[in-house]
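The following blocks contain the structures, represented as structure tokens.
In what follows, chain A forms one complex with chain B and a second complex with chain C.
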Partner chain A sequence: MKRAAVHVVLWGYAAVALLPLLIMVWNSFRSDQELVAEPLGLPVSPSFDAYQEAWVEASFSTYFLNSVLVTTASVVLSTAVSLLAAYALARSRSRLMGVIEQVFVSGLMMPVFLMIVPIFYLLDRVGLASTRTGLILVYAAVSIPFSVFVLSTFLRQLPVELEDAARIDGAGPLRTFWSVLLPLVRPAVATVVVFRFVPIWNDFFYPLILVRDRAQYTLPVGLTTFFGEYQTSWSTLFAGLVIATLPLVLLFLVATRQIVAGLTAGMGR
Partner chain B sequence: MSGRRTAALPTPVALLFLLPAAALFGIFVLYPMATALTYSLFSWRGTAQEAFVGLDNFVALFTTEPYRSQLPRAFAHNALLFAGAMVVQNSVGLLLAYVLHRRERVRRLFQVLYTMPYLVSPLVVGYLWSLLLSPLFGPVNAALRALGLGSVAQPWLGDPDTALWVVVLVTAWQWVGFPLLIYGAALGSLDPTMEEAAMLDGATSRQRFWHVTLPMLLPVIGTVSVLTFIFSMEAFPIPYALGGSNGSPAGATDVMSLLFYRTAFNSGASNAIGISSAVAIVLFVVIVGVSVLFTRWFRKVERGLT
Partner chain C sequence: MATVTFDHATRVYPGTERPAVDQLNLEIEDGEFLVLVGPSGCGKSTSLRMLAGLEDVNGGHIFIGDRDVTDVQPKDRDIAMVFQNYALYPHMSVADNMGFALKIAGTPKAEIRQRVEEAAKILDLTEYLDRKPKALSGGQRQRVAMGRAIVRQPQVFLMDEPLSNLDAKLRVQTRTQIASLQRRLGVTTVYVTHDQTEALTMGDRIAVLNHGVLQQVGTPREMYDRPNNVFVAGFIGSPAMNIGTFDVKEGVVKVGSADVPLERSIASGMTDADSGKVTLGFRPEALDVVPVGTPGSFDVEVNLVEELGSDAFVYGTLKGDTDLNLTAGETNQLIVRIDPRSVPDKGDVIAVSIQAGHSHVFSATTGERLG
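Here is the complex of A and B:
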């Protein structure tokens, strides 16, 4: 292809992919009057009123904190338990472990719609219905297949000599795991953390069904009530969408490499 | 080999390390999955399980209204979501990945730009497009008018004829970043000597793409197609944001997940759990069945080619 044609194609699709997102950002700085009068206008006198309104009046501060808490806690919990499990699976030669690994990995095809009603009853029975703790436990559990898969694959590629040396020096399994393996698996942990953070932050299905109390809402469920209540306050709606997206953009900018690695994990074949 | 032997964990220690993950996974994934399978075989009164009814819930799903007419319609819409995503990812997505593959200097930049929509929450994407397409202040209609295409401008989400296509296109717009990245990674891992050999033999760039690169990409295209299928069948946030839980207007944007959600939580029918579990199982069987059959068929095609 000719150079110019290539540039048209590349930048053309860049516009298709990004313009909607850019419009979302700059419309959040314009008033409703400006939006109606000039749908294609730019923010000439940018105002933060919409953010003020969304953050304070529309309880985005609550939703945001809930999302941060739920996402962080579930990612930390699932990564911690998955690391221990992956270590056991990668370093044990018992046949039983192979079976257990199969069970974990089969969870990659988890039927979420099938599971949601029983999960709802389960949480209800143990007093965790409509709580952030319940949501954290569920997210941590559904993250285990992916995390165990990535971490155990990585651990298997590490040489065992270091662990042998630690053992000969008298370190127990836990000590070996903590001071020898943990520093080595950091890249895989980064991939797992980033790559579970995004879907949990974005998830809307679990909290829509499991959480009924508005004070416990995460951002995505908060957005649905917000779009019902602020229907005509358009710039506030744009601001709400930006607030829900901002952390991901930041994450993406600092962790592009991990995201690409996670997306393409196991696809090389 | 002896090194590997000495590093092995004793089984009791390994089990201890496994315990936290196994407990969490067992309680919140395996147990619900196992009970869910039985839910569809019982009749329910609200939240109380009543009698074992065998396959009655499935029979009811296929023979009584509103499920009888809504199930095939929702399924057809999911199939259209899949078709739309496949067309976009294997034309635009593949083309862009191929063009970027040969331009190392700008590859990373454009990959980041193209993947942005994929990383934004699908719910945000759905709501964003509902605003962009608004008949009152929507930039899309305004842009059409500015280009002299005012006659094309319309309430895109209000009309049953256009609303479904909006859902299909918005879904494909967001999803294509994923296949694009995967295709890019796959192209990067291909053996470049094949293409060089074809070039020395005088093959044009078009011939090289169709006869050298594309066949080598087929396995990856197959894998991505399965993932696209699973994703299309489970699509939920975008249709929910664009058409609400009823798939408005007039059910034009209804999909399987919405049908499940309505039946389970919004229908008020006394046997809601029995029927909705049957919906979930039908969906799961379709997803697993088609994925397995497709993968098998694709392996055969691949082998035929090599």
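Here is the complex of A and C:
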């Protein structure tokens, strides 16, 4: 009885969450006229025109590529840096390192809106404003606090004896890190990657402020080009949204198991 | 095969005053099984880790064979270590765990496989070689940890409380397995434990440490029969030795109503600082139950009788000993071994006398053995 109730609640929640996604997908296959006439109808004669328009004419191919490049590069960069930093922080007993860790973690409390003006001037001064490189560096930097926090917590749970054993077995620091520790922190790495990938992929704010050149736009900013003052191309917008959402769905499908393992790590041995 | 020598080896942890290991001098013979034993925090594990190269040596030297390894990296010391929690690599199979060191050393794959299989055969692990450590029982994991050490064919085995994660029954069983395996392989072994029973049963020799200072080294028999000081006397033996500090008058030690004669050579070792007192120790089995009132006996009030079948132990108090001067170990009681076929009741008073030549006399101030 109780189980059934829980199921009803969960399925209800799933329906509420999935319905907008379904409407988005359906509507992307319909024309503007159909949408105006009947906003919530099914695609009677499905067409891919909207996708073609979005991908080619609205230069979504460029935006998509930019998004993939910026997101992947910044996640890879921040995860690599955070892993090494977290390892050092987790294993050091010095007070200085404790302070450094607090500096890292204090970044979690920093609202991005406060940082945007200094960041803009900084990038402008070094000639990285309105470039993908600048965007990658900014994203990598703001990702580090969270990644360091999660990874160092996880690394602390690993027994030090594993590293001692590896040292006696003849493994150097890099070998120990690569062959012994990395396989064990994989769930935490997966968690960090997904939890950073999603907000960066979706982020609208930084590219809106930092990128002026249309050729450097990422998907979320690119989507705004469909909103006109007098008219909006709804079907193209829906197609663009589907394009923007698809990689995230794929990521979750691939990484769910690892993420669950990462979030539940340490619960029982 | 090699000897191991600690030469004034000292370890001071950063930020602490007192050395964790203070001027350790110890010579371990080729093929010997030496047990480092002591209470927690006594420096036994630190000593082992210094030998392993996992801990810096702040003073003195450590030799393996004739080679000074004081500043040599762990991997170049030709040692293998078994950790308390086994430290098996969770993501590797048993075979990969055992072969990891050889793989890093660049040993050909076929040879690794062969040596791993040999070790697995010795340890009864052959059918588990492809399993992950997670899928093994505690005893099997322990054997894998041993196997990892054996596969390397090192000059010295280091073992850091390898049995403390096993249940009592398995511990006793594994204890004998490790000891006989070591005899068979003939590899010099340094074994750390806090359990004096393990030390007595396994070691060729035992080294007792306390507060980072080596107290005594010797065979189990020597340690039991002739402890060098009060600490060793109280630490080695189960149940523990009865120890108390008593007045000496006219060449006899006054234990309750009993006069225990003190040899002249022993009495001459007393100093003014002792102010006429000695610390006297005698084991539970060094006491004879005699009829109450026998000259040279003292009375014990029985608090509890522990019957073990082959033996029975009386836990009691020396009559009139209100401040619990004479006690065994942490029990706050005096322990007497008695004939299990005639046990007294709780609350009875029995008279006991110390067997001649079975008492140990220590300085009341320094705790060192007299005579």
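In the analysis below, the second predicted complex is superposed on the first by the 234 of 269 C-alpha atoms of A that agree within 3 Å, B and C clash if a C-alpha of one lies under 4 Å from a C-alpha of the other, contacts with A are read in each partner's own complex, and residues count from 1 in each chain.
Rule of thumb we're sticking to: contacts are C-beta pairs under 8 Å (C-beta built on N, C-alpha and C of every residue); 3 or more make two chains touch, one makes a residue touch a chain.
Computed from a predicted structure; not experimentally measured.
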item: Touched partner set for A:W178, first chain B, second chain C, both or neither; value: neither
item: A:E161 touches, of chain B and chain C: first, second, both or neither?; value: both
item: Chain B versus chain C as contact partner of A:G170, first or second or both or neither; value: second
item: Which of chain B and chain C A:I119 touches, first, second, both or neither; value: first
item: Chain B versus chain C as contact partner of A:L18, first or second or both or neither; value: first
item: Partner with the higher number of touched chain A residues, chain C or chain B; value: B
item: Set of chain A residues, in rising order, touched by both chain B and chain C; value: 159, 161, 164, 167
item: Residue ranges of chain A touching chain C (in the complex, touch as defined); value: 159, 161-162, 164-171, 175, 179-180, 183-184
item: Touching residues on chain B, where the partner in the complex is chain A; value: 3-4, 6-9, 11, 13-18, 20-22, 24-25, 27-33, 35-37, 39, 47, 92, 95-96, 99-100, 103, 106, 108, 110-117, 119-124, 127-129, 131-132, 134, 136-139, 141-143, 146, 173, 177-178, 181-182, 185-186, 189, 205, 219-220, 223, 230, 234, 236-237, 240-241, 257, 260-261, 264-265, 273, 276-277, 279-281, 283-284, 287-288
item: Contacting residues of chain C [partner chain A, same complex]; value: 49, 52-54, 73-75, 79-81, 83-85, 87, 89-91, 100-101, 104-105, 148
item: Partner chain B, residues of chain A touching it in the complex; value: 1, 6, 9-10, 13-14, 16-18, 20-21, 23-24, 27, 35-36, 39-40, 77-78, 80-82, 84-85, 87-89, 91-94, 96-97, 100, 103-104, 107, 109-119, 121-122, 137-138, 140-142, 144-145, 148, 159-161, 163-164, 167, 173, 177, 198, 201-202, 204-205, 209, 220, 223-224, 227, 234, 237-238, 241, 244-245, 248-249, 252, 256, 259-260, 263-264, 267-269
